[in-house]
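Look for chain A in each of the two complexes below; its partner is chain B in the first and chain C in the second.
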Partner chain A sequence: MSNGYAGKILVIDLSSGEVSSLNTADYAEYGGGHGMGSAVFFDLCKDKTISAFDPANVITLMTGPIQGTLAPFGGGRCEVQAIGPQPWPIEWFTRSNFGGRFAGMIKFAGWDGIAVTGKAENPVWIDIRDDAVAIRDASATGDGLWGTGTYETEKKIYDLVRGGDSVDWTLYGTSRDTGRSAQNPAVVSCGQAGENLVRWASLIHEGGGGAGQGGFGAVFGSKNLKAISVIGTGEVAIADPQALMAARAWWSENYFDFDNYKPSLPGLHSYSPGGSGNIAGGLARGGVGQRPQGCMGCTKLCHGGRGATAEGPGSSCFDTWYQAQSGVKWGNPAASASNTDMLQSYGLNAWEGSMALPWLVKLYRTGILGPGKAIESNLPFDAVGSDAFNVAFLDCIVNGTDIGADLKEGCARAATKWGRYDEDVTSGDLAIAAHGYAHHYDARTESEWGFGTALGDRDINEHDITWVLYWHTSLAPLYGQPQALPAKEMVEMIGSTLLPYSDPMMLDFSDEGIYSDAMVKFVSWHRAYTRFWKQSAMYCDWGITDWLNPWAEGYKGLTPELEPRFYNAVTGDDTSFEKGIEIGTKIWNLDRAIWYLQGRTPANDQLAEWQFRIGSPAAHSTYEIPYIMPVFENGEWSYKNVWGRFLDHAKYDDFLDRYYAFEGWDANGCPTSDTLKKLGLDKAADELSAAGKI
Partner chain B sequence: MADIDKKEATAQSGVSRREFITGVGGVGVGAVLGGALLKGILLPDEVVAIPASGGYLLVDTAKCAGCNSCMLACSVTHHGTVSLSNARIQVVQDPFVGYPNDITIAQCRQCPYPPCVDACPTGANHVDTENGNVRTVDAAKCIGCERCIQACPFTPSRALWNPIEKHAQKCDLCADTPYWDEDGGPDGKRACEEVCPMNAISFTAEIPMQSDAGYNVNLRLTDATAQLGRMGLGDNGEFTKAQLDAAAAAAAAAAAAAANH
Partner chain C sequence: MAPEEAIVQTVLSVPTEEQARHYLQDCAFDDRLVGVVMKASGMLPMDIYSLEQTLGFFAHDNSDVMGRPDAILQERRLDVAYLAPGRLSRWVSEIIGDHELADAIDAEEAKIEDPHIYPPRMRLMRELVVMRVLQCYDVLGIDPAADVEKTEADSQERKEQ
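What follows is the complex of A and B.
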C-alpha cells in the first residue's frame, strides 16, 4: 500500500518470540485504526470466549492513514483494542485511544499497527527501531523496567535506545543509509498497576497520554509486557501533498489563531487554545510558566501541557480532575499534582478511581466500611482528601492490600463480592452507567451518550453532542447570553451534516424524542460516524465533529467537509463523508458480532438501574450544570432544561427493539446473517452460525 | 591579511569597509578565508566573502507546543511524504524535564559563515544566489561524503543525511518545495512558519545576533498569549524577576484564600 499507509502490520507472539507481519492491504476496506484492529483481532484470536488475561488475547495498537500527517485533530492518535479486563460482567472486546507521538512514530518505522499475542515467560519490553524488532529483558536483572512506574520506564528507555546520546542524530543500524533520528523514542507502557493485573490499569505515553479505560495496562501485564518503544526514521507517502498543505491552510483560516485569539462560545471547552486540558492542567502544576502541548501534527494542542516543575506532564482534563476529585472535592483545595503523577505513574484509570471514592466514603460514613465493619478496611478515611489518604488509597489498589484486593477488580466486581451491587447501583451511590463503567455524560438527558454506551462495550467517550447541545446550550444562558443559534436553526445546521439522513429530528432530546425513531437513527448514525471517522480514519474526539464553530460564518462548522478532505488528500481516495458512515456501520456490526461470540444477550444492552429511578446528578459525574437541550414539542423547536429526567424501562426496551430492527439485527440484538453478508462480513456470519448464535 | 586601501576596496566592490564589517547597505557579507568557495564576492588580497542569507528562521522554544507540525510540513513540501527524520528543522522533547527546557528546536541558522558550504568538496552545498543566498544542497552534486554534516557546529547537525534519496539536505527556507503551491524561499513563505499553530516560528531578513539568544527569541508578544498559555512575557524565553515575584505572590494569595475557605 502507499499513500498514508506504511504497508505492514507488525505481529508479535510473546509465547514463541516470533515476529511476523500482516499486509495492511488485506484490511484496506476498513480504512485503518479501529476497523483494522477489529478485523485483525477477529483473524488472530480464534476463540472469542477467552478471558482478558488469557495469553491468547490479542492486543492491537493501530494507526490510520492520517496519523503522522498534518491533519488537524488526528495526527497523533493510536487506537488500542483487545478483550478488556475492565468491562463487566463480560470482558468485552473493547477499545481505548491515546495521543502523542506514538502513532506517527510507528508509521515512520514502517508499521501501520502492532498486534501482540501470547505471553512472555519473563518480563519483557518490545524495542522497535524501524524494521528491527527486539524483545528485550525488562526484568530487574535485565533492563530494570519491571516494577517501576511509567515515567521512570519511559525515561529509562530513552537512555537505552539513544545510547545516552540524547541530543545528536542517532544512527539506527550499521550503514550510512539505515536511518537516523534526533528524536526520542515514542514509548507506551504499563505501570505497577498493570503488572499487578489491576483490571482498570491503563497504558501511559509521555506522562499524560493514556489509553485509560478498558484495563489495557493489565493486558500488557498479563503478557509480561512492560512497554513498547518505537523509533521510526522512514517516511510515508502522501497522495496529494499540495492538497494537504492547502487543506491545512483552509483549517487555519477557519479556526482560532493563538496570537489573535477571538473568544470561543460559552461551553465549548475543547475550543479554547490548549483545550480544556490547559485549563484543568493549570490546576495540576505549580511554578511559573507552562506550555500547551500537542499531539503530532495537531493544531488544537489540548494534550495537557507541561510546566516548570515537571509535574503532571501532559496530564489534563480527567487525569487532573482526579486530582480534584481525590482532593479538592473533600475540602483540600491544595491537593497537589502528586495525586495526578501517582495515578499516571502507577498507570491507573482516573475514572474508576474517581467513581470509587464517593461510594467508599459514603460506606465509611454510614458505618458499613471501616475497621471491624462489615467491609473491613483500615484506610485512613478520616483524612480523605489529603495527599496521605491518596497515597494509601492508590497503594492499596496497586498492591492488592486492604480493600484494594477487591477494588483492583473494579468497582462492579467489588460491589458484587460485597453483596452491595444491587442496592448501591439502584440508589446511584455507585454511579456505574453500564458495563461496570463510571457515569460520564448522562443517559437520562443526553441520551445518545447513554444509549450508545449501553449498546456497546464501554462508556463511549464521544463528545459530539456534549460540547454543542449540552455545554454550550446550557452554559450560555447561565452567562445571561442566548445560545449561538436559536434551537430550530441550530438543529437544522447540525442536522444537515447527519448524512445520509440529514434529519434535524434526530436531535430532539425531548421526553418523547429520546425514545423516538429519529433517535434510533441518530444513535445508529453516531455509532457509525465514530467507528469510522473518529476511531479508524482516525480523527480525535476533541476535534470532530466540528458542528458549531465560533470563528466561522454563521458558526457553521467544518463537518462534514473536513473529515474527507484531509483523509482523501493523504490517501488519494475519494471516500465521501457518507461512504465513511457506511464503513463505520460495517465496523460497528463486526464489533457487535464479536460481542455475541463473547456471549452477549439483550440484558447487556441495559443501563444501570439508578438511571431509571432518580433525576438528580449522580454522586460522581460530569453532570455539573442543568442539561438545556433542543426539544421539539408542540410542533416547534426550543431549548429546554431536561434536568431531573430519568428513564423509563418500558420505553427504553421498546427503543432497543426498534433499534435492533433498524440495524438489521434479530430480536436478540444480534446482527443477522443477511445483514452481515450484505456488509461483507461473511466470516463473522459463519462464525456466529457455527457458534449457534444465529 | 594585507592592508586594504579603503578607497580602492570601495571602488572595486561597491562596498565600503565599514559596510562590509557591519553588514549594512543591503549587502551583508560574511568573510571567509580560504576554502573552495564559489560565487563569492572577491575583495582584494585573498579575502573572499559569501553573501549573507536573505532570511533566517527564529523560534521561541518557550512558546512551542511540541506538535511537530513544522517537521511534518518540511517533509511534505520538500518530498511529498511525511517523515520526522527528513525534516530540516528538528523539535526534540522530553516530557519529564521542566518547562521550558523540555523542548529544544534545532533550526538551521543560515550562518553568515557557513561551514557546511565551506566543507563541501563538490559545491553541492552552496549559496543559492538566485534564491536570496540561502545555503542549500544541490542533491545532484552530492557525493555523500557527509562533510557538511560533520562541519555543522551545532548539535544535532542542521545538515542531515537523507537515506532514502541518498543525499545530504538542509533548510533552504523552502526555496525548493516542489510539493507546495505557495512560493517559498526568503522572499516567499516558509512551510514550517505557515503551519505552526502557536506562531512559534518567525522569519527575519536581518542577520540575527550569532548566539542562541539571537535565534531563540521571545514571540510571546501578546497578553492573550500569556494568559491563555500561562507563559511568561519575559525576554528571550526567560521570566523577569518581577514576573516571578508576582507569580509567587499570586500563588501565596491563592493558598491563603483557600486556607480561609
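What follows is the complex of A and C.
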C-alpha cells in the first residue's frame, strides 16, 4: 500500500514472550497515533479498572502515516499511551508524545506501532531489527542495562545492535539488498526512576526527547522492560511524492526555515542563533559542541543549544524548567546543564520536579519539613540550589529514601499522605492544576487550556492559543512593539479557521466569555482538533497551529490548509480539515468512555481550589504579569490584561453542564450510548453498558 | 556579545558592614517576592527570598539584547523575568530594609518614558541590585568569583564521575 502506513502493528506479550501483530487497516479510521493507540488499548486491555502497574496494562507507542516522511513537524513524533501511574487520584488512561527519530525508525522497520503487555520475569529489552523481534536479557548477567541511566543504556544498545561498529554500514539482513543501515538504532528507555516505579518517571529518547508526563517510565519498569530499540532499513511508501514535495516547498516559502532566516513577530517563534533550541539555550547550554538539532524531517530544530553530554537532540522546553528552579534561581547557573543531564539520565519528569521544589522549600522555611519536624527530612535544604542539594534531592526520589519515599509517588499523593493537600492546594503553594499535574498555562485566563485539562486526563500542553493570543499579544507591548493585528481582525482571521463553526466569538476571553456557549464550542473544537491533527496525525505542538504567520500576507496562517495538505499527499486520501475534527471528536469520546470505565465522575472534571480563590492579591507574596488576550466587551473587540481574575464555582459548574450537553454526554459527563453509536463506537457503548455506567 | 553600557546614573552610598549583612539576609516565606519567568513553554512563578536571588531571577531575562531596536525581531529569543512596576522597590524598602536602593529604583523608573515597556525597567532594576550586592560583597570581604569557580568545579567533577 502506498499510503504512508506500514500495514501492521507489533504486539509483544512479555509474560508469555509471544510476538504477534495486528492489521493496521483495522484501525485506520482513527488516522494514526493517539486514535489508533486508544483503539488498540481498548481492544487489548480487557479490564480497564486495573492499576498502572498491573501486568495486564497495555502500553502503546504509535506512529501514523506522516511519520518518517518529510511532512514538517510530523516526521518524528511518537504517541505513547497506557494507564499511567502519575494522574491522581485515579490513574487515568493517559498519553504523552515525543519527537526525535524513534517513530520514523518504527516505520522504516515495517511497523505502524508497538503495543506491549504482560510482565517479563526478569529485566529485558526489546530488540527490533526490521521484521525480526527479540526479547533480550537486560539484567546484570545479561546485557547489563538494568540499573543504568538512559544515556548509558542507549550507548550500550548501540554497541549491542551494531556489534561495536559505529561508523560503517551495519548489515541486518543476509545481503546489502536485504537490509543495512549506517544509522544507530532508535532507542527509548526508562532510567533508574522507572525501574524503581517513581510515578513521574519518563521515557527518554536520545539526549532530551522524552515522554515526560504520565509516568510511562514506571510502566516500563513495572513490566521489567528497560528499553525498546528499533532499526529499520525500509522506507515509507508515499501515495503522491510529487504532491508531498510541492507541499514541502510551499511550506518552506511560507514558514521559518533555519537555513533561510526571516524576521518574526514578537514572541511568536522562539528561535535563537543556532536553532530554535534557545528554549534551552539560555540556561542549559554547556558551550561545548553545540549545534542545532531537530527531529526527523523538521527544520525548526528545537533541540539545540546544548551538547555537554547529550547523544542526540538536547534537552529543551520543560526539561529546562527544573534546572531553572534548581540552579539558576539560586545563583548557580553552572549547575544547570548537569542538573538537566542528571534528570534525563534518571528518567524523571522535569515538570513535576519543578513544582515540587518551591513547595518543599516553603515547607522547610516555615518549619514544617526538616530534621525533627513534622515531615522528617535530612536533605540539605539550607544549600538548596547547590550541586550537593540537587544530587541528594534527585537521588532520594529515585531511591525512595528520606522524603523521596513519598515524593516518588508524586506531589499530590505525598501532600495527601503528609496531610498538606487541602491547605497547600487551596493556598496555591502547591501549584497543582488538575489530576495531580502541575500548573502550566493558566485556567483563570486561558480557559481552553484549563478547562480542557480538567475535562481530560493531564495538563493538555497544547500551545495553540497560547502563543498567538497570549504570548504574542502580551509580549509585543512589553517590548514597545505594536500588535500584529487589531483585536477584531485577529479573532476574525483565526475564527474563520475554526471549522466547521468559523465563529470568532469562540475566542472571547473576557470575564463572561470564558463561560459562554461559544467557549463551550471552542473547548469542544479544541479537544477534537488536537486529538486528531496534533496527537493522531501527529503534527508537533511546537510547529502548529499556524494561526498567525509573520511571513504571509496579512499574517494569515497556513492553518487550515497545512494539516490536510501533507496528510493527503502521504495517504492519497481526501481527508478535509473538518473531517479531522470529526475523527478527533470520535477519539475524544473513546477516551472519555475509557475514563468512565475507570470510574470517572463529574468530580474529576474539577480544577484545584486555588484557581477559584487566588487572583492577584496585594502584598509581596504574589505577582502580577501581563496576560493580554482578546475580549468582546460592550459590543467591541479589544485586547485586555485578564490577569488577576479567578474562577467562579457556580459559573464553572454551569459551564460543565452545558459542555456535557453539547458533547452529547449525560448529566454525569459520560458519553451516552446514542452518542457513542453515532460516532461508530459501539464497542465502547456496549462495554460501558455492561459495566452499568450508562 | 559586547557588555551592556550602564543605563543608571545613580551611585549608591557604600553600606556599613552592619547594613551589608542586613541587606543580604534571607527573608521569611511570607515576606518573599514572587516574580514570573515568562517563556514560550510556560510561565513559572519564582519565589525570591533575598536580594541576591533577584539576580538569579533576572538571569532568566534576555535583556542583553533588549537595548537594540531590532532585537525583538532579530534575536528571536524572548524570555522575560517579569516584576510588576513598583513591586521590587516596595519589597526592597519594606522587607530588605534598603530604603536608599528602593528610592533609587523608583527614581530611575520615573525617568523612563513609557513604563509599560519592560526592557529598560528590567535593566535598571538589575543594574542597581547588582551594584548594591557587589558593594555588600566588598564590605564583607566576599569573593563572588569563588562560589562560581567552586560550582563549576563541582559540576565538572560530577560529569567526570
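Keep this in mind: the second predicted complex is superposed on the first by the 651 of 694 C-alpha atoms of A that agree within 3 Å, B and C clash if a C-alpha of one lies under 4 Å from a C-alpha of the other, contacts with A are read in each partner's own complex, and residues count from 1 in each chain.
The rule we apply is simple: a contact is a pair of C-beta atoms (placed from the backbone, for glycine too) under 8 Å apart; a residue touches a chain by one contact, two chains touch by 3 or more.
All of these numbers come straight from a predicted model, not from anything done at the bench.
Engineer: In the overlaid three-chain picture, which partner chain does A:S264 touch, first (chain B) or second (chain C), both, or neither?
Structural biologist: Only chain C; A:S264 stays clear of chain B.
Engineer: Identify the partner contact of A:S181: answer first if only chain B is touched, second if only chain C is, both if each is, neither if none is.
Structural biologist: Once the two structures are laid over each other on A, A:S181 reaches chain B alone.
Engineer: Using the superposition on chain A described above, determine whether A:G31 touches chain B (first), chain C (second), both, or neither.
Structural biologist: It touches nothing on chain B or chain C.
Engineer: Thinking of the overlay built on chain A, is A:M245 touched by chain B (first), by chain C (second), by both, or by neither?
Structural biologist: Once the two structures are laid over each other on A, A:M245 reaches chain B alone.
Engineer: Both chain B and chain C contact which residues of chain A?
Structural biologist: Residues 272-273, 278, 282, 308-309, 333-334, which sit in both footprints.
Engineer: Which positions of chain A touch chain B when the two form their complex?
Structural biologist: Residue list for chain A touching chain B: 68-70, 75, 101, 104-105, 107-108, 151, 154-155, 158, 166-169, 176-184, 206-208, 232-238, 241-242, 244-246, 248-249, 252, 257-261, 272-274, 278, 282, 286-301, 305-310, 313-314, 333-334.
Engineer: For a test of understanding, state which residues of chain C touch chain A in their complex under the given definition.
Structural biologist: 28-49, 52-53, 55-57, 59-60, 62, 66, 72-80, 82-84, 87, 90-91, 94-95, 114, 116-119, 147-148, 151-152, 154-155, 158-159
Engineer: For chain A, which residues are in contact with chain C within the complex?
Structural biologist: 263-267, 269-273, 276, 278-279, 281-283, 308-309, 317-318, 320-321, 324-325, 328-335, 337-338, 341-342, 354, 358, 361-362, 365-366, 386-388, 391, 431, 440-442, 463, 467, 471, 474-475, 477-481, 620-626
Engineer: Looking at the complex, which residues from chain B come into contact with chain A?
Structural biologist: Touching chain A from chain B are residues 62-69, 72-73, 75-77, 79-86, 90, 92-100, 102-104, 106, 144, 146, 149, 155-157, 160-161, 163-164, 166, 179-182, 191, 194-195, 197-199, 221-222, 224-225, 228-232, 239, 243-244, 247-248, 251, 255, 258-259, 261.
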